[in-house]
Amino acid sequence: MDASIWIAIVSIVTAGLTITIGAIAPALAEGRAAAQALTAIAQQPDATNTITRTLFVSLAMIESTAIYCFVVAMILLFANPFVEIAAAAGG
Amino acid sequence: MDASIWIAIVSIVTAGLTITIGAIAPALAEGRAAAQALTAIAQQPDATNTITRTLFVSLAMIESTAIYCFVVAMILLFANPFVEIAAAAGG
Amino acid sequence: MDASIWIAIVSIVTAGLTITIGAIAPALAEGRAAAQALTAIAQQPDATNTITRTLFVSLAMIESTAIYCFVVAMILLFANPFVEIAAAAGG
Amino acid sequence: MDASIWIAIVSIVTAGLTITIGAIAPALAEGRAAAQALTAIAQQPDATNTITRTLFVSLAMIESTAIYCFVVAMILLFANPFVEIAAAAGG
Amino acid sequence: MDASIWIAIVSIVTAGLTITIGAIAPALAEGRAAAQALTAIAQQPDATNTITRTLFVSLAMIESTAIYCFVVAMILLFANPFVEIAAAAGG
Amino acid sequence: MDASIWIAIVSIVTAGLTITIGAIAPALAEGRAAAQALTAIAQQPDATNTITRTLFVSLAMIESTAIYCFVVAMILLFANPFVEIAAAAGG
Amino acid sequence: MDASIWIAIVSIVTAGLTITIGAIAPALAEGRAAAQALTAIAQQPDATNTITRTLFVSLAMIESTAIYCFVVAMILLFANPFVEIAAAAGG
Amino acid sequence: MDASIWIAIVSIVTAGLTITIGAIAPALAEGRAAAQALTAIAQQPDATNTITRTLFVSLAMIESTAIYCFVVAMILLFANPFVEIAAAAGG
Amino acid sequence: MDASIWIAIVSIVTAGLTITIGAIAPALAEGRAAAQALTAIAQQPDATNTITRTLFVSLAMIESTAIYCFVVAMILLFANPFVEIAAAAGG
Amino acid sequence: MDASIWIAIVSIVTAGLTITIGAIAPALAEGRAAAQALTAIAQQPDATNTITRTLFVSLAMIESTAIYCFVVAMILLFANPFVEIAAAAGG
Amino acid sequence: MDASIWIAIVSIVTAGLTITIGAIAPALAEGRAAAQALTAIAQQPDATNTITRTLFVSLAMIESTAIYCFVVAMILLFANPFVEIAAAAGG
Amino acid sequence: MDASIWIAIVSIVTAGLTITIGAIAPALAEGRAAAQALTAIAQQPDATNTITRTLFVSLAMIESTAIYCFVVAMILLFANPFVEIAAAAGG
Amino acid sequence: MDASIWIAIVSIVTAGLTITIGAIAPALAEGRAAAQALTAIAQQPDATNTITRTLFVSLAMIESTAIYCFVVAMILLFANPFVEIAAAAGG
Amino acid sequence: MDASIWIAIVSIVTAGLTITIGAIAPALAEGRAAAQALTAIAQQPDATNTITRTLFVSLAMIESTAIYCFVVAMILLFANPFVEIAAAAGG
């Protein structure tokens, strides 16, 4: 089995793990923030605008860590810099 | 056993793990957000509209992390970029 | 042992794990949402309609992550795209 | 040891794990929902009908994830699609 | 060591694990439901009938997941469909 | 080392693990139910009869899962169906 | 190393693990029940008789799961049914 | 290395693990019961006699599970039934 | 397989793990901070400005640890100092 | 490497683990009991005598499980019954 | 594969793990401190200055542990003292 | 590599683990007891003398379990009874 | 691969782990102490001076354990006493 | 690779682990004690002197367990009694 296959196998596994584990914490954190936002609205309906605005900024910030992971997974699958090296070395 | 079989085995396992582990956190987070929304409705029935609207936006945002995982799993099963490389290398 | 057997073994294990682990989080999340809905009904019997409607929408959304897993498991057992590749390669 | 034996071993182990791990979360979730329902009845005896009805719908929905697992286990034991492939390949 | 012995070993281990792990969650869930039922009776002695009736229905539903596991364990020990295949293959 | 020895070793280990792990959850669940029953008696001494009766029914139901495990352990030690197969195969 | 030695080693390890792991849950459960009983007595000194009676019945029931484990450990050390089989097979 | 050495090594390790793991749960349970007893005395100084008596009976019962483990460890070190078998087999 | 391939494999895996594990804690911490900020706004709507300003400074500080990880992952993928060494050594 | 060295290595490791793991639970339990005693004194300064007396009896009882482990460790290091057997066997 | 490659592989993995694991605790701790600061501002808006000043000093102190890890990771990647030794030894 | 080196390696590792793991629980328990003592002083400043006296006795008792571990570690490093045996056997 | 390379590899890994794991607990502890200090200031603004002074002394004390780890990591990287031994032995 | 190298490797790893794991519990315990002290000062500012004095005594006592570990790590690195034995044996 030549080198590019090993790169392929490792890239597949790493891409899958990166997005799947990287999605755990943002999902939980978003769930927590959303849950707390709903409680806050129930407690103080007058502040709904401030609360939802703060919530959406926070969700975007948290989502950014999931997007870091998604970016790395996509790089590994479709723009992997080591594939050329492997092609050059094992080609 | 030639290279494309290894790619196949690794892709199957990774696809399964990606969607299965990737589904844990969104499900829990959605359960939490939904549970809190129900509490909030019980506390402040007058704000039901705001609460359910915020809930559905949040659920969609959380669901997005599950969808990232589903997308990667589908790519691995049906549009795997390394299958061609393996076909070229081991063909 | 030829290649299609390996594909078969890996598919069986992955299918089983996918549905079994993928069922954990939705079940827990549904239990949580349902438990909270019952508490909410007890607190505010007048809002029963809103609560059960929100509950059923949420349950459906949570159930969807379990269904993603069930779909992947079924694909692996009955519509596995790599079986043909293995048949072509090891046939 | 020929191929069908490996399929058999893997199917037995996977079937057992599928149902046993797949039964954990529904049981816990049902216990939680039932416990909360009992609390709710104690708090608001007048809403017993609504509560038990919502409880049974929720229990059925949660039970469905256990049944997914049971179905997969039964498929693996009695309607395993790979047994024929193994019979054809290793026969 | 011929094939039926491997089937036997795997079946013994799987049967034991299936029932033992499969008994954890129902036991805990039943304990939780029963504990909550006792609290509920202490809080609202007038609703004892409704509470115990709901409790027994819930216990039966939870017990059902333990029985799924017990059924699979018994199938593996006494009605294992792969024993005949092994007898045919390794006989 | 012939086949019946392997069956013996596997049966010993599985029997021990089955009863020992299978005893964890029922013991904890019984402890929880009993603890809650004592609290309930302290809260509502007039309902002692109902509480202890419900407690004993629940303890029996929980104990049943421990007994499933004990039964499987005893079967593995003293009525193991695979011993005859091993005797026939390796005898 | 002949067969009876393997049986001996496995029996020693299994016996030790059986009693040691099997003692964890009953001890914790008894501690919990006892702790709650003491709280209950402090809350309702008039119900001391009922509480201690219920406590002792519960402790006996919980202790029974520890005794199951002790029985299996003793059987493995002093009345192991596989020792004769090993003596017959490897003798 | 002959057989009795293996028996010795296994017995040493098992004896150590048995008492050390077997001591965890009773210690924690006794600590819990004692802590609750002190709280109970602080809440209801008049019931000191009943509380300490119930505490000591409970401590003795919990201690019994530690003693089971100590007994098994001592049997393994000083009255191990398999040493004679090993002496006979490997002697 | 020559040295640069090993460097490639190790770099891919490490880059994936670095960003994926490194994203867990910041996401959770940001979720916690955001949730608490929403609670704080609900409690004290007059202090919204101070609260959101403090929140954004804190989020930036927490995000910095995720960025450390992202930087290391990018260095490993695109500016890896050991690739030249490997090229020199294995070239 | 002859037999007595193996006995020595195993005894050293087991002795260390026995005392180190065996010290965890008693320390935690004593810390809990002591912490609760201090709370109890703060709540009910008049019952200091009863509380400290009950505390010291409980500490002694909990300490006994640590001493069991210390005894076994000392036996393994300085009075190990298997050293003579090893000396006789490997001597 | 010569020595400098091994140094490279080990350095890459260690650098990644150091920063990624080293970022977990500071992120969580900063999240906790920030969350508590927001609660404190909501409780006592008059003390905002003192609170934010104490918060920033604490964040800096906590961040310092993350920076220790980042420093070590950078040293391993770009100023590794063992690379020269390896060059001298394996050169 | 002769026997005394193995004894040395095992002794070093065991000594390190013994003191390091053995220090966890006492430190946590002392932290808990001290924390509770400070709460108690804050609640009941008049009982400071009794509280600190009880605290120091408890700390000494808890510290004793750490000292058991330190003693065993020191014995393993500086007074190891098996070193002579190894010297005699491998000398 | 000669000895100094092994020393180098082991030192790199150990240095990385030492600082990274050693930074977890101090960071968490500092976060906890800082969070509590902020709560304390919010509760009792008049005691700000005492609180911040006690906080900084405590932070310094906790930071000291992180510094122990940093010192050991630096010793391993830049002043490793075994490098000379390895140079002498393998040189 | 001769013996003194093995001693060196084992000593490096053990020293690193000893101080790093040994620093976890004291740091957490000190954080807890300090946090509680700050709460106590906020609750009872008049008892500041007693509280800080008790805190510092407790911190010193807890720090002692970290110092035990630091001492053992330093002994292993700079005064290791087995290095001479290895020098004598492998020299």
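Observations, loosely collected:
So that you can tell them apart, the chains are marked A, B, C, D, E, F, G, H, I, J, K, L, M and N in the order they are listed, and the count of residues begins at 1 in each.
As a working rule, a residue touches a chain if its C-beta (ideal position, glycine included) is under 8 Å from a C-beta of that chain, and two chains touch if they have at least 3 such contacts.
The shown structure was predicted, so the numbers you read here are calculated from the model rather than taken from an experiment.
Common partners of chain B and chain C, by the touch rule above, are absent. Steps from chain B to chain F, minimised over paths through touching chains, total 4.
Interface chain H/chain J: under half of the residue numbers present appear on both copies, so the contact uses mostly different residues.
Separating the centre of chain J from that of chain K, both taken as means of CA atoms, is a distance of 38 Å. Computed centre separation for the pair chain F/chain H is 21 angstrom, with centres defined by C-alpha atoms. Each chain gets one centre point, the mean of its Cα atoms, and the points for chain A and chain H are 49 Å apart. Contacts with at least two other chains are made by residues 11, 15, 17, 19, 21, 24-26, 28, 30-32, 35-37, 39, 41, 43, 55, 66, 73 of chain F. If you draw each protein chain as a dot and join the dots that touch, you get one closed loop, with every dot joined to exactly two others. Tracing the ring of inter-chain contacts outward from chain E, first into chain F, gives the chain sequence E, F, G, H, J, L, N, M, K, I, A, B, C, D.
By the touch criterion given at the top, residues 3, 6-7, 10-11, 14-15, 17-19, 21-22, 24-26, 28-33, 35-37, 39-41, 43-44, 46-47, 50-51, 54-55, 57-58, 61-62, 64-66, 68-69, 72-73, 75-76, 80-82, 85-86, 89-90 of chain A touch chain I in their complex.
In the complex of the two chains, the chain F residues touching chain G come out as 1-2, 4-5, 8-9, 11-13, 15-17, 19-21, 23-28, 30-32, 34-39, 41-43, 45, 48, 52, 55-56, 59, 63, 66, 70, 73, 77-78, 83.
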